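After this come two complexes, each holding subunit A, first together with subunit B and then together with subunit C.
Moving on to the complex of A and B:
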């Protein structure tokens, strides 16, 4: 089983986000980038599949700040290869990123054909599309998203797609296929920093030059701003004791305590 | 015909979803704004009897086949692409629910149209369409104007009230021919979740925990508070993914929708996927150290103090009140 995992960098939203001077984009100057959360789950699912069924896992990412750390981390976790696509452009929208991947992957050595291309089912900046279906369409491959479990079976894969209320839908997908992963079977594994450092010394990130992909439709953002709701929460001031006291009052007033 | 609005209806387990009616309410506004018609694409197996519920629409494209019985985006996107080819709508509305998610991604890629994603509002703005999109887990909003046609909008649940789009009627039905092409993706079966010990949809009080709880060990704290208030503990996706709580306690997109009298959100950021599952709670109190956490845009009361200090203090006081 040959598996490609596509990893993407996104802003860490635990940090304070600011709008850039142009009023229509995020100020990236002080932002820390981290791997997209569901991409990390896609990597975990790929590693689980490799452990269970053998094969290889190749982590692929477009060039971005701090992406080397993420690729070395993937190697330290058990990926066999890490590939960085260079020269595709900066801050690509999701549809453009899908276009670059669709243009580059088929001619990039032996990356394709792969049995499975796994990536996260969404990212917090997916304003103009989702990566997995856009790439699947461009490569002419079947696609299922919001998947939580993948099990290969006779040239096909059984995938479990999440529905509301914890219901799973089992689908049979012809391979090769592109799968959008929502959550792996287990939380993404932790890897000690020492192991990542060791990977940095012993392993290498392969680089591939981006090739242009199909034209993708685009639109401009007119304005970006922090949400300004009319009825934001009334903030309770004071130390934890004072906050607890006020909450008790609120609950008592409403007969909830 | 170019100013028509096409809504992707969704059915799941025999019925038309609320998300469909929300889209119909929004679609009606857009169609009226453009002076066009509101059309619906409805696919399934034995769903013609549901057409009468789509009275908000002027017409319904109906595709029926056994292969369309359950949600699958490949077959649907092929059929919708044909409809769009012949009818040339101005825009297409797809709900960002688990049922329609794949279609929202695949359809625009198939027809080469833009997708404007994560919309909490879509409106006619002169000759253009303006959308407000929720990005970065709810921490930013982008305003987008599009003049291209067709354009697909991925609409977040709750953009309109479902009741506003619910009306009986008899829209014109246009039957679509469905070929029997071998599908690359085939539905097999549903797997029901293991029944939980507690049905969180039936609780008056919920103490909900997220990533900010920091560890499984602190679930006890939430349990203690819930016990005092006569409720149960639930959580957002990260709390379930980390194994702190069973799947039966998940609130939000892949979990359940709850409407308790009191919803405590402890260490929950408030991403759109979570908010859709709890925003109609009667009273929401949120504790999160991040003053920009979107949960404060949905909560009635909030605090940015450390929940690991507030909750013990609250337990102590609540115990006193109850004891006294």
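Moving on to the complex of A and C:
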């Protein structure tokens, strides 16, 4: 079983997001990037599959600040290889990132064919979850998203996909396939810092040059705005007692109490 | 009683331990079992220090390393303080074994994992923004200078540490400490947003690699400034700065706020003019008490405050019951509960209530959330409040 895991860096929202001077992008000065949470789950699911069925896990990421730390962490957790795609461009939109991946992966050594390409089903800068399906389409592979469990067997995989209301659907998908992981079977594992430091000393991140990919329908951001308080919002101020009293008053005025 | 001392050998591992004096001493264990008897989790732990040493001698240490049992060690220094052979249990042997246990854990308990990941990424276990570390300063009644801004050497570098910087009740301690330092006329500054966790809990929870990284980072930051001494609000950080940072070059005296203020109590006394009418019982912090011997200092401060009556709990001084927060215990409550263990802070709060005190005084910022949770869970919130000694001192200060 050969598994590729695509890891992507996203803004760490522990810091407040600010709009840059161009009015169309995030101010990156104080922003740090962090690995996309559901990509981290995709890596965990890949490592679980490797432990269960054998095979190899290769972590792949586009060049970005701090991405080396993320790739070494993946190696320390048990990934066999880490590959960084360089020269694909900065601050790529989701769709353009999918294009670069689709252009680069087929010609990048022996990365493809892989039985499974796992990645997160969403990211905070890709709430539509477009990266994995766009990549699948460009590579001509099937795609299933919002997956919580992957069970490969005989050239196929059974995947569990969650629906609203706690309903679980089970799908059969032929391999190779692209899978958008929502959450791994268990939370991503901890890797001790000593093991990451050891990986930094003993392992290497392979680099490949980005290759232009197929044209993926895309769009440009015209304007980026912070949410504006609406006129009808009333900010209630004062100590907790006064605030509680005012809330009761409002509920009573509207006939809700 | 064992002597607290600087851990000079920074590369010590369980494999090399037995070549050192501390390791050879461990082998001289007489199997008396005082360690297990005094351990707050001794009745539920499988590998008490006595058994652990026995297994080490018998070549069966693998059994200890394959189990998560040693996560029950909350590094309270009780075994260390009472061992008749003066074996360096809590500061040397147990951390080295725990390091291997941690590396072998199939799964790190979830809350501990998120605290460790947050400490690595943000420099604090809460996962708060490092850029907000000094945000509490804006709510301080007195000016709190940041060392980068003062642009001159200061007499005292006050390391506020994580809980006093971020945790809302910890910030009460930070504001109180600032007021006390100003009242004492101390020339001080803080590191501000450059400050990072000292890493003591990372080391004692077994995550030695994280401690090493934090210590390296902190030594670089400390190396940028000139200061005559370090005073820190957190006994755990104090312990790390006192015993684990000197081999990397930290050479100034290190104090924790409670003993520091106690040392200046005569100077402060004339300013402690407000009568408080509190009946106070003091909980000895494990690190400050058993490891560093500061039993009298907090009581000296409390005795100097008008209207404060100090009463003692059944277990006090060297026998004090741990709050359960050390060695990663801060983030292992769910893990202990799943194993069916008592919450140690509950035990301690019951003892505090039994004294009839209305204030449980503490010197460690971990203890405020731990004891406040227990006070609420046990339904004692109508009769007992938890306050840091610094908060009580600041209350007694003239306006």
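Here is the rule we go by: the second predicted complex is superposed on the first by the 226 of 257 C-alpha atoms of A that agree within 3 Å, B and C clash if a C-alpha of one lies under 4 Å from a C-alpha of the other, contacts with A are read in each partner's own complex, and residues count from 1 in each chain.
Heads up, the rule we're going with is that a residue touches a chain if its C-beta (ideal position, glycine included) is under 8 Å from a C-beta of that chain, and two chains touch if they have at least 3 such contacts.
Predicted model only: the values in this text are computed from it and were never measured.
Novice: For A:192, using the defined touch cut-off, is the partner it touches subunit B, subunit C, both, or neither? Pick first, second, both or neither.
Specialist: Once the two structures are laid over each other on A, A:192 reaches subunit C alone.
Novice: Quick one: classify A:151 as touching subunit B (first), subunit C (second), both or neither.
Specialist: Neither partner.
Novice: Is A:14 contacted by the first partner subunit B, the second partner subunit C, both or neither?
Specialist: both
Novice: Would you check which partner chain A:26 touches, where first means subunit B only, second means subunit C only, and both and neither mean what they say?
Specialist: A:26 sits against subunit B, while subunit C stays out of touch.
Novice: If you count the residues of subunit A that each partner touches, which comes out higher, subunit B or subunit C?
Specialist: Counted on subunit A, the partner with more touching residues turns out to be B.
Novice: Could you look at A:209 and tell me whether it touches subunit B, subunit C, both or neither (first, second, both, neither)?
Specialist: neither
Novice: From the superposed pair, tell me which subunit A residues show up as contacts to subunit B and also as contacts to subunit C.
Specialist: Common interface on subunit A, subunit B vs subunit C: 14, 187.
Novice: Under the definition above, what is the set of subunit C residues touching subunit A in their complex?
Specialist: So the residues of subunit C in touch with subunit A come to 102-103, 107-108, 110, 113, 116-117, 120-122, 127-129, 131, 207-210, 212-213.
Novice: Quick check on the complex: what are the subunit A residues that touch subunit B?
Specialist: For this pair, the touching residues of subunit A are 11, 13-14, 16-17, 19, 24, 26, 41, 95, 98, 121, 124-130, 132-134, 136-138, 142-146, 158, 160-174, 177, 180, 182-183, 187, 217-227, 229, 232-236, 239-241, 243-248, 250-252, 254, 256-257.
Novice: Which part of subunit B faces subunit A closely enough to touch in the complex?
Specialist: 12, 70-74, 97-99, 101-102, 104-106, 108-110, 112-118, 130, 133-146, 148, 151, 184-193, 205, 229, 237, 241-243, 247-248, 250, 253-257, 261-262, 269, 283-287, 290, 292, 294, 296-306, 309-310, 313-314, 316-318, 321-322
Novice: Can you list the subunit A residues touching subunit C in their complex?
Specialist: Checking each residue of subunit A against subunit C gives 14-15, 30, 34, 186-187, 189-190, 192-197.
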